[in-house]
Amino acid sequence: MRNTALVVSAHSADFVWRCGGAIALHGRRGFDVTIVCLSYGERGESARLWKEEGMTLDRVKASRRREAEKAAAALAAHDIRFFDLGDYPLELDREAKYRLVEVIRQVQPAFMLSHSLEDPYNTDHPYATRVALECRMIAQAWGHNPGETVLGAPQLYLFEPHQSEQCGWKPDTLLDITEVWEQKRAAIECMEGQQHLWDYYTRVAENRANQFRRNSGGQAGGREARYAEAFQAVFPRTVDGL
Amino acid sequence: MRNTALVVSAHSADFVWRCGGAIALHGRRGFDVTIVCLSYGERGESARLWKEEGMTLDRVKASRRREAEKAAAALAAHDIRFFDLGDYPLELDREAKYRLVEVIRQVQPAFMLSHSLEDPYNTDHPYATRVALECRMIAQAWGHNPGETVLGAPQLYLFEPHQSEQCGWKPDTLLDITEVWEQKRAAIECMEGQQHLWDYYTRVAENRANQFRRNSGGQAGGREARYAEAFQAVFPRTVDGL
Amino acid sequence: MRNTALVVSAHSADFVWRCGGAIALHGRRGFDVTIVCLSYGERGESARLWKEEGMTLDRVKASRRREAEKAAAALAAHDIRFFDLGDYPLELDREAKYRLVEVIRQVQPAFMLSHSLEDPYNTDHPYATRVALECRMIAQAWGHNPGETVLGAPQLYLFEPHQSEQCGWKPDTLLDITEVWEQKRAAIECMEGQQHLWDYYTRVAENRANQFRRNSGGQAGGREARYAEAFQAVFPRTVDGL
Amino acid sequence: MRNTALVVSAHSADFVWRCGGAIALHGRRGFDVTIVCLSYGERGESARLWKEEGMTLDRVKASRRREAEKAAAALAAHDIRFFDLGDYPLELDREAKYRLVEVIRQVQPAFMLSHSLEDPYNTDHPYATRVALECRMIAQAWGHNPGETVLGAPQLYLFEPHQSEQCGWKPDTLLDITEVWEQKRAAIECMEGQQHLWDYYTRVAENRANQFRRNSGGQAGGREARYAEAFQAVFPRTVDGL
Amino acid sequence: MRNTALVVSAHSADFVWRCGGAIALHGRRGFDVTIVCLSYGERGESARLWKEEGMTLDRVKASRRREAEKAAAALAAHDIRFFDLGDYPLELDREAKYRLVEVIRQVQPAFMLSHSLEDPYNTDHPYATRVALECRMIAQAWGHNPGETVLGAPQLYLFEPHQSEQCGWKPDTLLDITEVWEQKRAAIECMEGQQHLWDYYTRVAENRANQFRRNSGGQAGGREARYAEAFQAVFPRTVDGL
Amino acid sequence: MRNTALVVSAHSADFVWRCGGAIALHGRRGFDVTIVCLSYGERGESARLWKEEGMTLDRVKASRRREAEKAAAALAAHDIRFFDLGDYPLELDREAKYRLVEVIRQVQPAFMLSHSLEDPYNTDHPYATRVALECRMIAQAWGHNPGETVLGAPQLYLFEPHQSEQCGWKPDTLLDITEVWEQKRAAIECMEGQQHLWDYYTRVAENRANQFRRNSGGQAGGREARYAEAFQAVFPRTVDGL
């Protein structure tokens, strides 16, 4: 059986900036990574498109979807699903939550990825994470669609928000993504409407790599890593060695 | 080269209750685990001995040392060193800190273990951890005893305090110690002066194992584990996969 | 006038593990303790039942209700009410909230008991507590059903979650339940579907008793207590002496 | 273009106690300050009125509205709008949120003011703040009512809750309101139903002024200020000098 | 045997502002309350005296001592002891700590009172509290001066700092001091050099009383209290009823 | 009278990476900025030098001093003082503290700058900040060297640590340093022994500038800033307008 992972992304570009490296890397490691985009970020994260003459919501959504599909392909993600639930604000009714539960149960992820628990700039982000926790719980319930295989206890990693310190987010896991950096940068460049973020997140990756080196070897320098991503785990790890 | 680990224990019994399982388990995994007891806990943690007729400080210390040596042997620790710095309160001057730095550099631990960062009941405990962090930093300094091999960047795990919630301690790592439980229990029973804690820490291990199962498999039950220990990591992990 | 207390339990077994001792003890002290079970925990906390052939939601609920009624009887609770609102996820619309407000006003509790404010494993738990706080506020409003007796300012105690440190829960009150332990254990044994928790919560009670002794007398040993429960108070106490 | 500010007040009296000085002061400084009262506080904060014979919800609301309008006039506020959404509990559906977004876009505030992020006594208060953050985000979205002028990035100041320490509120800004104190006191005295709070909030203002003096000059005394208000900023300031 | 309590005050006036009511009240309740002033606050809290012509350190100390003795008498404290250790900064060597341990053991307090755990304005305050915790621990040690009666496990209450929210202090206990207010005000007026604080702390007491009423009875008003003091408990309470 | 500011830097390079822009910018604004380097960072932050043949402590210190003086000149700092107290660990006895107090009183800074309050990687950093707070307090004391001008109440800004989220540091102030960026980069390039940090802190400045733009104008873009520094204020600001 192949390993699997699941990304829950509030808007269709979040997965690229925040965990594109993890997606590509685990793809290479033999994981099937599924991405769920709860919305296209069509209202709130598509400023450039809206400045075009005669733009409509459907055209923005179509454009954002194409970008996200291209990015997912660049990262060699196994699957990307668009829930098209609307953004700014994002809201999931019970039916939408059950749809997410269904995906979780199908995927049976070894781990999940979503947003930080707080974000004063963007209330969709922590909302998505609360929903991810709620749906993880429902997916574990034997009485939800009895007969289906229930979920185990996958780790939930919180990926990096835009202004980390303002979001109460403290990374405890640094992932070396050097070997897949070209893929991540290619995915980033699919996001044509947000060019102002391309170099921002490249710099984030370079600085997280500096921290990777420090935490693997002190100021004297640890393992060489040129690009990294940072994550915060919600649940304790269960291990056989420290 | 063998793997190594280092325990910094404020008093001579702390390592038993709090990370005896980790010591024994890593011993089996081929680690040389060195234990530093900064004091014997002779004043503050030897109530039973002090109730004996004609007890002296030296006799308490000797007794505590014998117990700790027996416990270390039961856990198959590689080495145990007694700094005999006094307790209640524990204090390290610069010379004592350099002595700890020297041990750290000799051991070159892959990871370190010490107390929680806070403990309103016992100020020796967080003091020992602050010293461990300070000495870890000194051991990394190229200008401290130039020519010696400097320390890399070992993880510091905080082991479980007596009243966890009062100490601001939140475990993020659960270690299955089932296979070495007999050793840990044997080490515990070396602590003759603290029999009231034998069953307490047995129950802690059983309940942490329940949490291990949950975190590896949900309420539906994960990997069977009957005894576990819990730890909080101070630094981010550097990994190649989530 | 008799003293009263009110328990708000997300699922029908929570009150047993988490405050069964407090219920029984206050019963002996002359309190009428009312328990509100917002759901039966029929979907999420009844794994064993769902593994039986031909199980249905109604049968699970009936079984869970019987268990809870038996447990409430074992604890000599004054009353137990089942709101049957569904679980995983639990949700209260305005009508359901007003129903809870009505119970609160009828009971006029000297204190209330509910879940921790956070729980990443189980979003129903903190949801129940937020609802309890909201309904406490509504019950205090002179303009809600004018003419009814408004609520005073009862303390809200948060009872112990399953993995305390992960839930940001810090107990500030330790209650000696030794004299009613037999009742609590009997109530626990009513929960036939969750036998894996019987000994877990027995160990919790024994270890909280050790902490009771320490906090009433230091390491030298305080008042003998063999079983205890722990709580976190939300509001300041108002006292005539420290 | 005139400067503007926006107050989001859960109940119709909150703006008086908590930021009446800021409103009056910025009025003098040439700001147009708009106040949005999401509810009248008719159910939960009008105890005195409800004690009158034959009181009705409509009469309470009318009375509270009159008081709030008088207070706004005393503070020389530019505008006060009543959303009349009900209180205890306050709830905003999507339409109500869009209504608030519309006001935000019309006002284009240089800064906003609302409640603390937590308040265990009054769940309407943090709810209003969460809504303010959500609507601030929607107002920034280019795809929300395309063609309208989007919002910039106004600071959100959290004004002082009734029991500050219980609400996780930590002020970082002390505003000298000495020159407008008479106006604030006049506005306070418009709240005839809550006379028990008049002197309470006068004392708060006097003690915050003491803190103003200390923080501008140490124990030796800084700038003379006799009345002050305190605020907590949610977002970082962007400055040209420290 | 009479009940006892112990106040550890960094400077000689702190006990008046921060727990004068508790001292007087427990005196009336039959407690012998002992006050330890670690310093006179002669350098840092005597600005008015230093502005006098020809002032010397000894004269400041003598003046501060007289004031504190008068205040202690006004509060009917059992005993006041001056350690004269110097202030700004306050420091205790091991000998000074043992001196405090000796007092703790002599007094055998049912509870202790000291400063908040943080105070960025005044590092002497949290230092005094850390020392109080350390000396409490030493006083519990059977091996410290064997043969003496060891300390039990007294609660440590943190009294109110000057700017509560800046000091991470959250009160959980409100004490009605109405019946002894005249004594507290008399003690306050002994502090001739700090007249600017007389009314400040009177207002604090009045506002804490408002909070006392709320927490004992909601907005509808609880037990009448006109003056109160607020405290934060460090350790869990051990109780027989909630 | 000219405005003044004071930087307290644990090691001789910290001021460059962490607040070089603030120093240069305030220089242009007419501030006299004084830098105190408590140590040269000679043992812990000079790895490259120690790898040279025949290196001695004195030569490292001389080299580090030259670099720091050049950097201070590049930033047009008013003054730089070297306390040469040693590093890894840094320790100040009372005499050294009084020396810092003396500088503080001479400078009479409008604001101070120092390290984050926590840093598990480098205990010298938070130690320097605790000392800065302690010496600020002493400098305010009328009884410390009576007759000298006492200090007012300068803000203390905490500058950015290397791994911000691990240090519990949350910036609340973003300073646009675009106009002095060339000076900061020049100062950075004076640190020849730490070339691995040149680009790291350039990227930090660029990303903080992105955050500056967002916080001054939302995702739609605020004021153009290409380089910025971030700070956390310890004390509340006292203002005349929000």
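Letters A, B, C, D, E and F mark the chains as written, and numbering starts fresh at 1 in each.
Note that a residue touches a chain if its C-beta (ideal position, glycine included) is under 8 Å from a C-beta of that chain, and two chains touch if they have at least 3 such contacts.
The shown structure was predicted, so the numbers you read here are calculated from the model rather than taken from an experiment.
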Chain labels contacting chain E and also chain F: B, D
Partner chains shared by chain B and chain C (touch criterion as defined above): A, E
Interface copy of E-F among D-E, B-C or A-C, judged by whether over half of the contact pairs recur: A-C
Rotation, 0 to 180 degrees and nearest 5, that superposes chain D on copy chain E via CA atoms: 180
Chain C and chain E: spacing of chain centres that average the CA atoms, whole Å: 37
Rounded Å distance, chain A centre to chain E centre (Cα mean): 52
Of all residues in chain F, the ones touching two or more other chains: 44, 47, 121, 140, 142, 166, 171, 211, 214, 219-220, 235-236
Category of the chain touch graph - line, ring, star, complete, other: other
Touching chain combinations (by label order): A-B, A-C, A-D, A-F, B-C, B-E, B-F, C-D, C-E, D-E, D-F, E-F
Complex contact set, residues of chain F against chain A: 44-45, 47, 121, 162-166, 169-171, 196, 199-200, 203-204, 206-207, 210-211, 214, 219-221
Touch list for chain B against partner chain F, complex: 94, 97, 130, 133-134, 137-138, 140-144, 146, 156, 234-236
Touching residues (chain side chain F, partner chain B) in the complex: 42-44, 46-47, 50-51, 55, 57, 60, 87-89, 91, 120-124, 166
Touching residues on chain A, where the partner in the complex is chain B: 5, 22, 25-26, 29, 111, 113, 140, 142, 150-153, 155, 157, 171-176, 211-212, 214-220, 222-223, 225, 230-231, 233, 235-242
